[in-house]
Every structure is written in C-alpha cells, then in structure tokens.
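Both complexes shown next keep chain A, but they swap its partner, so chain B is in the first and chain C is in the second.
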Partner chain A sequence: MKSYDVISTRANRIDTPDKATGKAVFVDDITLPGMLYGALLQSPHAHAKILSIDTSEAEKLPGVKAVITAKEAGQVKYGVSPARYDETVFAVDRVRYVGDEIAAVAATRLDIALEAVSRIQVEYEVLPAVFTVEDAVKDGAPQLHDEFKGNLCAEVHQEFGNVAEGLENSDIVITTEMKSKRQDGAFIEMQGCIAEYDNRGVLTLTSSTQVPHYVQRTVAMVLGMDVGKVRVKKPYVGAGFGIKAAANPMELACCMLARKTKKPVKMNFTREQVFMYGRARHRFHHTITTGAKKDGTLMALKHECWLDGGAYTSFGIATVYYTGSLLGGPYKLANMSYDGYRVYNNKPACGAQRGHGAVIARACFEQQLDMIAEKIGMDPLELRIKNMMETGDTTCNDLNMSSFGMAECIEAVRNGSDWDKKKGHMPPGKGIGMACGFFVSGAGYPIYRSDTFHGTVIVKLTEDGGTALVYTASAEIGQGSDTAFAMIAAEALGIPLENVRLASGDTDMGVDLGAYSSRQTLMTGHATKEAAENVRRQVLEVLAEQLNVAVEKMDIRNGFIEFDGDTPDFSTLRTRYIKEHRGWTDNPDSDKLTFKEASRIAFLERGSIVGTGKYKPHSLGGKFKGAAVGTSPAYGCSAQVAEVTVDMDTGQITIDKITDAHDCGKAINMTSVEGQMEGSISMGIGEAMHEEVIFDNQGRVLNDDLAEYKIVTTMDMPRVKTIVVESDEPNGPFGAKEVGEGAIMPTIPAILNAVYDAAGVRVYELPLTPERVFHAIQEYRERNKATA
Partner chain B sequence: MKKLIQMTINDRAYEVAVEPNKTLADLIRYDLGLTGTKKGCDTGDCGACTVILNGDPVNSCLVLAVQADNAVIETIEGLSTDDGLHPLQQAFVEKGAIQCGFCTPGMILSAKNLLDKNPAPTEAEIREGISGNLCRCTGYQKIFEAIESTRS
Partner chain C sequence: MLLPKFEFHEPESIEKALALKKQLNSGARFLAGGTDLLVYLKKKIVSTDHVISLQRIDGLGEIQENESNLFIGACTTMAAISRHPAVLKRFCALKSGADNMGTHLIRNRATIGGNVCNASPAGDTLPALLVYDAVALVESPDGKREIPLTDFFKGPGKTDLKNDDILTGFRLPYPPDHSGAHYIQLGKRKSAEINVVNAASFLTCEPGTSNILSARIALGSVAPTPIRAPEAEAALMGRTAGDDTFNAAAETARFKDCSPIDDFRGSAAYRRAMVGVLTKRTLAEAFDQARA
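Right after this comes the complex of A and B.
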C-alpha cells in the first residue's frame, strides 16, 4: 500500500487555533458601517386567512427604513426541490403554521425593528387547523395546499423482487411498529445573515448556511436577479446538521431589505425562532414486516411509513424516498417493498437531519433482526454476519457497495466490546445490544435536476513558490472539511500541510453543492485532488524542460523534488532562485531541490501556476421512479454495541458504554473521523433518550429552548470507544468516503436492543423516557404473571 | 438613561455608558467588540456566553452590564499570551475537541475555572464542571480528553 505523508494522520485542524482563541468570525460577530437590523413578523396562528395587513404605523416609527410584505416581495414560489416549490417568502393570503412569515422590517436598531414589527396590524380569519398525521388525512380535514388533496404531500410505492413470495417462503415473520418524535437540530449557533447591496447592483449575502450554492440560486430566483450578481459567503458556521441546508425566508427577506434600503442589513433567529422554523428530523411512524428462514437468511422486508411533514415540503420529497431506499442494506435482501406517505399539517415544516430519513426505519428493522435471532436461537451478531453484504454487492434497489468493510466493523465491535463474553451473561438490569447501518457518501444527483459539477476547486501557487492556495466553495460547518481539503491538497502536491492555505464557503470561488448528504470529503476531495495534481504536473513540466528530465522520473514529497535515479545538476536553478531573493534569509541550502525553488522557477517561466479540479459522480442507480434517491458513489458503514443499565423499579436507563466501528474508506484525518463518530452517537443518544419537540393544542412549540428541549450534556454522555475501519474506496479521493452521518444509524437500535437484553422489554416509541420504560416493564411483569 | 460603569476586562480598564437593560454579553460583544464570547440562546441554557466574573464563571447573557460595575472579567480573548495559546486552548486544538467551535470559548473558560479551583479533577468532576456548556458536535469525548491532558 502507498504510504502517505499528510493524510491518514492526526494533524491539528487548521481552523481550531482561531476557534480556541475567539478569533474565528461567525456571522453575528460581523458589524458593518451603517448596518441596519431586520426583524420578522410571524404568524401567531397555526392556520388563518390574512384579510388585511396595515404597515403604516410601523413605517411611521423613527428609525424604520423599510417594511416589506408579500405585496412588495412578490409571490415567487421556492423550496428545496423544484418539483415541489410550495413556499413564498411572505404569506400571500394564508398562514399555515405558527411562525409563518408575514412581513419584515429594517431599522437602525434591533429594538426599533422589533417595535415596528409589533405595530404591523394584521387582520386574520382563523381557520380550523390540524396537527397530526391521523387528523390531517381524515375526510373533511382542513386542507393546507389546494393542489395536494387530502394533505398528502408525497407518496412513494416501490417493490423490488417479490415480497409476498419472500414472506410466504419465510419460517419466521415479524411485524412491529416504531414511532418517533419531531427533533430539533439544536446547533448552538442560531441561523443569522447579513445582506449588502452595492452600487453596481451586486448582492452579497453572508450567512450561517451549509449550502452557499443552493442559497445563491434561490436568492437569484426569488429576487429575480442574475446568479452572477448574487454572491453568497459563509463565515464560520456553528453547525447545521441538515437544518441549514436550504435557503430560509430570513435570508431572502434580508436580501430584499438590503436591496430596498441600499444598506447592509443583519438578521438573526432567536432560539425560539429556530424551533419555530423547524426543518429538522420528521416524526416517523413505521410498520415493518421482516421474514427469515430458520437458518437466519433474510427473505423479505415490507415497509410502510407515515411522515409528519408540517406545513411545507422543504426536503420532504427526498426524505420520504430516503426513508425507504436506505433500509434494505447492509444486508443481502432480494425482496423489499416500501409505501411511504408524507403528510402536511399546521406545524413547522420538517426537513433533513443527520442520517436523513433513515434513522428511525433502522431503529425498527434492527430490532426485528434481534427478534429473529432470538427465535432461532442465534447470536444476533452472527445473524448479521450471515446476511451481510460484501464489497461489490448491489442492493435490490440498485445501490452499489464499491467498498464495504461491514464485516470488519462487526468483528471490531465484537472484540472491542468483549461481546462474546458479555452477550447472554450480563447481570439482571444490565444489557448489551448491537446494530449496523450504512449511509451515502454524497447524494448521486444534485437537488435540482442538472448536469452540473458537484464541486469545482482552484489551486494556485504563490509567486514566491512557498505556498499553495486552495479555493473551494464548499462549506466548513464544523465537521473539518477545510482541514481535510488542505490535507488532500498537500498530499497530492507533495508539500507539508503548513504550506497550504485554504479559503472556502464563497460562491465566487466556484461551484460546490455544500455540506449535506456527507458528500464533501468524497466529492470536493476529488476536485481538490485533481486541482492539486494539475498544479503538481505544471511544476514538474517546467522542471522537465529546465533539467531535461522526464516528468515521470520526478516526484514531489514533503516539499522536495525527488528524482528517479541520479539527481541532475540543478545549480543553475538554485542560483536563479537565490538571485530572485536577495536580502532574504531563508535561501535553500539542502542537497535536494525544494518545491519552493521549483515552483518559483515555474512562475518565472509560465506566470501564475493555477490548477483546476472538478467532480461529478458517474451515472448511478436504476430506472424506477425515485431511483436517484439513495444513490451515491460510495457508502460508509458501521456497527455499534451499546451497554446499558435499566432501573427495573423506575424505568430509568443509563447508557454505560458505546463501542463503535466505522468504515470511512481511507481516513483523511483520523481525529476528525473519530469526532464525527462521537458526535453522531451523541445525537443518536439524544433522540433515543430524551429529545422531543412538544406542541400545545394551538400548534405552538412548548419547549422552544435548550433547557426543555434536552440534548445530551456531559452528564448524559457515556464513554465511547471508536474504532476506525479503513477500506480502499475506488470512487473516493485516496480511497476516502463518508463518516458524518452513517455513524448515527446503529445508535438507537443498539440501545433498544440493549434495553431488551437488560429488561426483557421492547419499546416501540421514542424517546425512552423513564415513564415509557416503566410502563413497558409493568406490562411485561403483568404478562409474565398471567402466563406463569 | 445610561449609567456609567467601570470594569476591567482581560487586564484592560474600561469605562462605558450602558443602558440599564443591556446584558453583559451584549456589552462585551457589540459595544466592546470582544466577539469571542458567543450567544447561543440568551436564556442561560447553552453556556456559550460564559465569562469569568470576579473569579466565577457566569452566563453573561443573564448578567446585566450594570451589575458588572467595578468587576474584573476574563473572556476568551484574555487567555492566550504572547507565548501562544493557553495550555487548555492548545489541548483543545491537539485533541480535536473543537468542531464548529461555537461552544468552544465558553467551554474553555468553564474548564479553566474548574482547573483553577481543582487542578486534578476526576472524570466525574470534569463532567460536572462543564455540564453547563452544551456542545452538539463532539459528543464531549475529546473535550474530556483535552481537559484530562492538562490536569496536574
């Protein structure tokens, strides 16, 4: 195997010294001269007609510079998927959830803007509202969108193989349900943005976003501007987890206010508004039937799911497809069917969140695998190994596993957790459970239908030859992508990491679809590698001319030129270089020709040395409707073991330990890979144990703060043992693939299986509150008493 | 009606006129430009705005600026010196304890407060010492490791 100098190490991240010292700039840290502050008027009603809007009192308030409503903003429909644009920036004649945007104000101070918002008079005719899937699909239920009868936002019906036959030929058939709750991303930085409009008609939006490219296109479309006149930048972003992966109405309103006032405008969501806006993980209700042979061979999977979508589509079309398409693997399964329904109602829209669409389906399915194993007296770990896909396998819905270290992951957690000694031997109240999962390394297709490259990168050498500059429009949102790309560029060029500088997150730097679907390491990484290799070749071509040595006889490593065979006399080049740098103190005196010398000579011969790189996946997926969703050039996979203690008297669960193994292909930065695994697990634990957005009967969020919406704290988080399993992914740069989302897949079912091992109870609804677990234990005791 | 207050932040004396309803977090961030102190909720839940006020960590979003009259305050900008990063900052960088970095300033200040008062905390004491600081990215593992690596 080729050895590497930069990648596959634990290099310090390039952004963290600034983050550790408070120097890293996030959007709300920016103040511009003459900046105005914007505020939104949002609906207090879950469903109402707007009869009239009177902004006159707001406009009279001293300090108010602009008030806009749908009248002025226009009615351009937008959303995430062009097939389902169902939002306008401001409500036109109807509001559909508590928080629906009605107007925006820009003023010289934030308190004035807020006061102005309170002076806008809106006359509503309150309409009946629906808040659950069950109520929304009833005959006579209030309808949210005229074009979608029965509040059915989307439905999917797929069958691969023959499920009825597969179930008929099964010895064991298990049907269970699983219900989850609406989640919140709970990133610590709320959404915020600053828009500027210059004298040449160029709009610049600086925003806390995961996807500058998509935001740029949405802003251009909604404001009726050329894409070339819209620039979207992201400063450091305080995470997103999927919720910041589309343009939001505040960004669009902010752009409109800046264009109208010709002044910079800043807007921020409060924490309450983050909850009110939603767009995080849906509430799922799954019914799954799995059939297997007595020897453990999986035969068929029948899957139905209802998604509680909220008032708009957002990512929902992709979500309802992902929910089905990412279930069958990582197991060999010839027969699978899926019926998915996403339903509108008068709550904030749900969207994408880490592990898009697939997390709760897996929580249901992986429990059934344990049930099957128990029925046939097989170790659940062995059952999984028996059915596991291998490298080169393709699922029944046409997802190809071009590398797949799943079996290695299972063995790693078996050993890492001491599974064989513990399974079946835990004392009462203690349990151990496991689960597996897989996830895309980037969506195979862009969100809008297009032949576009998914990422373009520019690498340029500074004229002194010392430093490589990497320009990418990709989005560092905390996951470590800037560092990964700097490392990839350094490795591909053959120079140390400290000689790479990187700028990212700006649409002026190119096209990059952004940070979602765990795509950047593979896709932007490819483009970065290609751009760096292009630069490397140009430098070597100049050297070849100068030294009369073939390009193939030279290599660049650790910042030095290495020659195949004898080192030619390069003294002329060195003299030329030194003459260029009279008075400098760092002139080279090594036996080897340095990269710095070579690239300076290259500049003198050719001008700026600039290389470009690009990436788009090869054609992926089958021909059926929805075949694109779930496709990816590569899949990461993981196995996890959870160990828990259940207090049989109170139902309180303590997670004692998690052992996690993840196949991320080649690890670009080992520490960052572990960080993604640990972060995924903490989000999975939160969802399993206590996270739930709760509404009152008027559609208002009751727990819209980080005290009552309970994410994992230091007191909840168990120790995690992470094991990085490396495979060589043929479609990944240096063999790399995803880790950011796949690692959350097994967490919830591993915990659920461990709870069953500890307490003998299965819980089919999340979160695992002590009350819910207590009742399950009581029922279990009653049942056992009755049968005893 | 503004009130004139005096305070020392990171060894520098300030005299500022503040509105009585202005929070210390807003004063530090927007009036004094020390934007390393972050705001993640404005209700004292997330800990991102943690500063050390007269020797104790506080959520600066829950303190009125006028309450900090004559106070000695330490923010994240006061930690690093001419010699480089504070050992805790260095440990956070080296252990990979920082992802998005939004919680980091508050987290480091809480950890510093813990170590200043208890130079050799147990794991349980570390967990409790930073329990008021929420992090959604890291799962806290590498934060524990960073703090453990700097305890005496």
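Right after this comes the complex of A and C.
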C-alpha cells in the first residue's frame, strides 16, 4: 500500500471558512461602478409568430440605456452540440415556449429595466401548440422546427449482440414500462451574470456557470468575437447539477448589452425564470424487456425510450444516447438493443441533470431484476452478484471497466444494512430493497469535436519559496473540487495543504471543460498532478546540481526534502537562504532541508518555477454511431439498500434508512465523497418521492417556486450510512474516479424495490406521491380480492 | 420579481390603525407577518399603494390566560403559539397546526390572524381553531363585534371581515375535562408542506365511560373553505367511542360532509378517501387523550 500525507484524509475544505462566515462572493454580491441592470422580455405564449416588435416606448423611458432584439443580436445559431445548434439568443420570428427570449433591456436600475420590458410592444399571431410527446408525434401536429419533421429532434437505434435470440433463449422474460416527470435542478443560486466590455475591446463575463470554457466559446461565436478577447470566469457558484453546463441566453444578452453600452451589466434569473428556462432532467417513458435464465443469468435487454425534449435540443442529443448506453452495466450482458427518440414540443427545453440520461432507465431495469429474482426464487442481491461485471470487463457497447469494486459495494451494503437478516423478514408495511448502478468519470470526448486537452493546470511556486499556486480553469460549484485539486497538488509536490493556494474558474488560466459528467476529479486531477510533479522535478533538479545528489535519491514529503541514505551537508544552501532573510522570524532551523529553502534556491538558480499539466483521455469506445457517448476513462459504481415504511391507508412512504456503498477509486477527500453520496441520495429521493414540474394547458409552469416544487427537506432525509469502497483506478490520478453522479443511480430503484417489499405493489410512474401509491394499493387489494 | 413600491405605515394603536385605514380608503392593506401579503404583492396578485403594519400595536401579539378561556392576539406568531404553556397544556391540536406551518423562518413571522384572514382552505391552524370553537374578535370604526369561526370563512381568500375591520384576536374556551383533540395534515413531503388534506377532531366523553358527550370535526382542502363536518359529528353524539363508531363517522365525513375538487395537488377521489382516514385517526387520538 502506498501511503499518503494529504489525500485520502478528511481535510477541511478550503472554501468552508468563507462560506460559513458569508464572505464567499457570488455573482449577486458583486456591484461595479456604473453598473447597469438588465432584464429580459420573454414570451407569454407557448407558440406564436412574432409579427412586429416596437421598442420605442421602452427606449423613451429615462434611465434606459439599451434595448436589443434579434435585429441587433443577429441570428447566429448556437446550442450545446454543434450537430444541433437550434437556438438564437432572441426569437427571430417565432417563439416556441413560454419564456422564449424576445428582447433585453439595460437600465440604470432594475425596476426601470423591468418597466421598460413591459413597455415593449410585441404583436403575436398565436399558433397551435403541443405539450406532450404523444401529441407532438401525431400526424398534423404543430411543427416546432422546419428541419426536424414530425418534431423528432433525434433518434437512436442500436443493437449489440442478438437480442431476439437472447430473449428466445431466456426462461423468464419481463416487460415493464416506467414513466417519470420533468425535474428542476433546484440549485440554491439562480443563474446570474455580469458582463464588462473594456476600452481595449475585451469582454469579461462573470457568471454562475459550471463551464466557463464552453460559455467562452459560445459567447465568442454568437457575438462574432475573437476567443482571445472573451474571458469568462466564475465566482463562487451555488450549484448547477447540469443545468448550468452550457451558455444560456441571459449570459449572451448580457454580453451584448455590455458591448453596446460599454458599461458593466448585471442580470439575474428569478426563481420563476429558472423554472421557465428549464434544461433539467427530461421526462422519460421507458419500455424495457429483460430476459434471464432460470439460474438468474441475464440474457438480453431490449430498451425503448421516448424523451420529452421541450422546444430546443440543449443537451438532448447526448441525453438520448446516454439513456441507452449507460444501462447494461454493471452486469454482464451480451445482447442489448436500444431505440431512443427525443421529441420537441412547446415547453422549455430539457437538458442534463445529475446522472445524465440514465436515472429512470435504471429505475425501470433494476425493478425487473427484482422481478426476475422473485420468479426464480433467488435473493435479488445474489442475482446481482451472479451477473455483475468485474475489473477489466467490457460491456457489449464497448465501455471498459478499468477498475470496478461492484462486488465490494454489494457486500458492503449487505453487511451495512443487515440485509440477510432483514430481507423477507420485515413486518407488514415495512420493506427493504436494493439496486446497483455505475456512471462515467468524465465524458470520453468534449462536446464539440476536438483534439483539445480536457484540462490544463499551471502550478507556480512563489519566488520567496514555500508556497505553491495552482491555477485551473475548472469549476468549483460547491462540490469541493478546489479542495480536491489543492490536495492533489500538495500530495504530488510533497507539501502540506496549507502551503497550497488555488485559483480556479477563469478561462485566462487555461482550458478546462468544466464541472459536468463527473469529470473534474479524474481529468483536472490528472493535469494538477502532472503540473505539481513537474514543479517538484524542477526543484529537485536544482538541488541535484547544488548538492551533487541524483534526483532519484531525493523526495519531498510534508514540506521537507528526504534523502535516500545519508543526508548530505546542506549548510551552504541554508546559509544562502538565511542571509537573504535577515530579521525574518521564521528562518529554518530543522534537521532537514525544508521545501521552502529548496524552492527559494531553485528560484535563485532558474527564475520562476512554473510547471504545467494537461490531460486528455486515451482513445475510447467502439466504432458504431454514437459510440462516443458513454465512454469514459473510468467508471464509478455503487450499490444501495433502502428501507421504507408504507402507510397502507394513506399511501405515504417514509424512507427509514439508506445504506450506500460507492466505489470512487481512491478517495481524495473522504468527507467530500460522503457529501456527494448523501447529496445524490437526497436528489434521488426528491425525484422518487415528490419532485415534478407541472404545467397548465397553456404551457406555463404551475409550480415555479420551491414551496410547490417539492425538493427533499431535512425531515424527508433518512439516516444514510455511507460506505466508501476504494479501488485503485489505473486511469485516475492517485487512483481516483467519480462519485458525483453515479451515487444517484441506485436510489430510485432501491426505493421502488423496497416499496414493493413493503406493500406488494409495483409503481411504474414517478413520483411516488401518497396518492399514486394509495391507488396502487387499492388496485392491488381489488386484484387480490378478485383472485381470493 | 421586485416588491412594488408602497407607503408603509406603522400605527401604534388600533384606533390609529382604523383611522388610517378609513383615511386611505379601501386602497390600504393591513400587514401582520407578511408571509402571504408580500408574496401576493410580488406576484402582483394584490396591488396597493399603502401598507399598514399591525406589528406595533400593543396587545395584538399577546396570549392571555383568562378565567374560562384563552385569548390569542391576532399578531401572535406560530412560533410563539407553539411554545406557550397554556397552548401546550390545553390546545395541543392548535400547537400541531402551528408546528406544521411552513418552515422555521415562516413560523417566526407568520401570525394566526394572518392565517385566518388569508382564509385558505388548506390553512394549517384553521381546523384546530374550528374544533376548539374559537370566536374571532373584531374591531371597526363602528365598534367591536364577535364572529364565531364557523361563520367567518366565506370562500377561498374570502372572510366575513369588512374592509375597515381589524381582527384583534381569538377567544378559545378551555376544553372541559375528559376531552381531547388532534390534528393531522397530509401532504407529499414531511415538512414545509401545503396539505393535500387536513383534519382536526375534538371529543368530550362522559367521565368514567366511553360515551361521547360532544364531538367536533373540521376538515381542510376539501371544500372552498375549511369546514366543520356536522353529519359526522351527529353520528358520534351519544355513541360509545371506539373503532366502529369512528369508522362510521369517518365514512359519513367522507361521503356527506366534504366536496373536494381535483387540482394539481391532488384528486378529489384521493382527498375524499383521506378525509375518511384522517377523521378516523384524529378521533382515535382525541379519544385516547379524553380518557387519559
């Protein structure tokens, strides 16, 4: 076993003191001299032609500095994936959902900007609208985009192995459906941004984003600017969960207003606008058929899914592929087919959210595993063990598990939950259920086709010696990535965490694709490690020259230089160091040569010591269409056991306990790993139990606040027992991989399986509101009465 | 979404508040905790140029233990109600209503007067006030009057108050010995919840027996206002308390007393079914207290 000094501990997060004392600066805390406030005009109609826009009354209002529409903004199409750029900043001649952006105003005060927005006169011709997948694919349905006939945004058809044959050779074949509801990320900080345009033509956007890099590219493209003249940075961000993983129209409008007025402009979404803008998890409708042998061997999986996409593509192409590609594992399965369809309609676009594309498919499939287990009289946990993949296995769609502690996870939750004692022995109304899952540690490819490095990092030693500065363009959005990279840098360099200072989230610092697909720990982590090792080598090289000791005979640990064998006489170096620091109180007197002395000497010999690091995955995946989506240099995996109580008269469910084991490779910061596990469970519970964005028949969100959109409260959170399983991932820095999204995979099906165990009912639609569960129980009782 | 501009007034007596209201005409709005009013103003459901705060008026935020009843000032917050010894001792169903409302932050601001004046069919303190036979105390430029709570609610958001009226508080007669009461709210999550259905029951038994001397049941979210369930109450009077009696009352409440509708929070069918369950459960708990 390697021993570590910094990683694998429970280090205090470097942002905690600022956040706990209110010192952390978020976009809305920032005010700049001469700053203007922007506001958006958004469509009140779900589908309409714009006949005319008259901004003259708005422009007349004192305090208004700029009003822009598609006329000024131009018609550059953008989106997430270049294959489907289907949005413009402002609607050109048609609006496609309630909230579609039409114009923006900048004024000296927010109330003036809002008043100006209300004075913009738009003449609409209201068009028939469609709101559901079923209606949107009907003949004669209103069409959203001329290029995509039948409102079909994207379709995917894949088959691996021979599914028909696999099902034929199965003893048990189970087909079920699963329907979910549109989610909202419900992050605490609404999107907000400030754009500045300086006298030299440089645009700086400070935004609450997960992806400064992609926003920079989109801003440059849409505004027709040189990428080098666009800088995007993020202050502290109150989470994103995927919704902030692409440029939004407010950011673009804000940049345009700043360029036009030459003044800083600030814009914010209200909570209502967050709901109106959407881009969170799609509503899925899955039909899955799974075949198995009598001994429990899984034979084939046939999967069809319809995704309710909303008005634009957003992340949808990736979503519809992920939905299929991340299902078969973590089980050995030779035959798998997938037919996915993403459908446009007149609601806000859906996009990516924690567990991108894969969460509801898993909720469907993992229930079927329990049904198969029940049919053949096998413990569902044993059925999973029987089929589970192992380190080195590759799925039928070419995803390679370079490390895979699935067996350890299952055993951990078996013991941690006392499964063997409880399963089959729960009192009436109480139940226990389990499920497994896996997820990428970073998408194998960038969203736009490119050979780019996915992350670059610069480490620089301060010239006085002793402190390492880490510069990364990665995005700390609350998940703890800054702390993780500071820890990785400290470990790789051999110095204490407190001697590392880190700055992140700024495109001036390099390239980093950002916080999505659970990529940063592995990818940015690699680049950080490489940069720190580079700096370490430079310092040791100077020492080698000065002390005449081979580089390989030296090491840096805990801020001291360690020598293989005898410590050479370093008094000349120490004297040289101390001479320069007469009167200083902290001159070294240790038996060992300090890193501080060594790095100062390195500077004196070589000038500033700067190291760079970079990372991009090796070539991954198969050759078929869409093979890239789902690839990753590594996969995290997890198992969860849920214990529930069902009130048989009201249908109310109480989740009593969740036992969660997750293989995250090497845990960089144990506490942060557990935080991600608990956070994932909380989000999974919300989706399973009560979260659902509800629309009226005009396409307006009915529950656009956090009173009526019901996320989990502390009172809904069960006791969570987290068990961190550490495998050694060969493709991860220090063996680390993901925990941010994989941990949500088993939550919903574990709850569903526990509800079945408690109440005898299978529910094929989410959320599990008391009412839905009550009706399921009533039906079950009727059925049993009929057969009794 | 910005709070619109308005003039803010803070009178220090009821007389001044009434005079202000009269002077400013119908345009002015009273403000207690503001947890309803400010939301409505922001969302432009309500608009006004003048807001008259009631918070500085002496006595409106007090709870007084009188000889035969408890006075609760209209501006008493949920947090204050929930920790008051007299409420804890004699009005546990009201405490549980106050505890169920919103979050800590809301409970520290929201007042019982505001909850009653807001007259939501789902209001969390309303079923308990109804079964405790609360009387609303009202002052207007014409003098004082009293309105039994059963006559107070006229529709969603509508009450018996006139434009110039200030609700000053409530009088709740002390429940007799051998009585008990209980409140349950049923929602989708475990806190910060707007109920799908709620219910409160109150029972008095003959000492030493299980004979029901008086019974009151109140239901929320199953009619345009919170309602009493007279048919179910009648089905209990003079009966022996127990599962069968409670089941019968629950069925009566479910099929005769309520008139729920479908909305995005729940269907009429489910609400009706839950009226049965909650009526039964609140009666059983009230009975346990009554014979304890």
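Note that in this section the second predicted complex is superposed on the first by the 788 of 788 C-alpha atoms of A that agree within 3 Å, B and C clash if a C-alpha of one lies under 4 Å from a C-alpha of the other, contacts with A are read in each partner's own complex, and residues count from 1 in each chain.
FYI, a contact is a pair of C-beta atoms (placed from the backbone, for glycine too) under 8 Å apart; a residue touches a chain by one contact, two chains touch by 3 or more.
Note that the coordinates shown come from a computational prediction; the quantities given were computed from them, not determined experimentally.
In the superposition on chain A, A:Asp393 contacts neither chain B nor chain C.
In the superposed model, A:Thr270 makes contact with both chain B and chain C.
In the overlay built on the shared chain, the residue A:Phe26 is in contact with chain B alone; chain C does not reach it. Contacts of A:Ile188 after superposition on the shared chain: chain B is touched, whereas chain C is not.
Look at A:Thr16: by the touch rule set out above, it reaches chain B but stays clear of chain C. Contacts of A:Thr713 after superposition on the shared chain: both chain B and chain C are touched. Chain A has more of its residues touched by B than by the other of chain B and chain C.
Legend: residue contacts after superposition of the two complexes on their common chain; A:Glu533 is shown touching neither chain B nor chain C.
With both structures placed on the common chain, the touch criterion links A:Glu541 to neither chain B nor chain C. In the superposed model, A:Gly675 lies in contact with chain B only, and not with chain C. Chain A uses residues 270, 707, 712-715 to touch chain B in one structure and chain C in the other. Across the interface of their complex, chain A is touched by residues 29-30, 34-43, 45-46, 48, 75-77, 79-80, 85, 89-90, 92-96, 98-105, 108, 126-128, 130-131, 133-144 of chain B.
If you check the complex, the residues on chain C that touch chain A are 1-2, 103, 186, 188-194, 196, 264, 266-267, 270, 273-274, 277.
Of all residues in chain A, those touching chain C in their complex are 110-111, 114, 270, 272, 649-650, 652, 654, 689-690, 694, 702-703, 707-708, 710, 712-716, 767, 769-771, 774-775.
Those residues of chain A that touch chain B in the complex are listed here as 10, 12-13, 15-26, 28-29, 31, 185-190, 236-239, 241, 270-271, 477-480, 671-672, 674-675, 678-683, 705-707, 711-715, 717, 719-720, 722.
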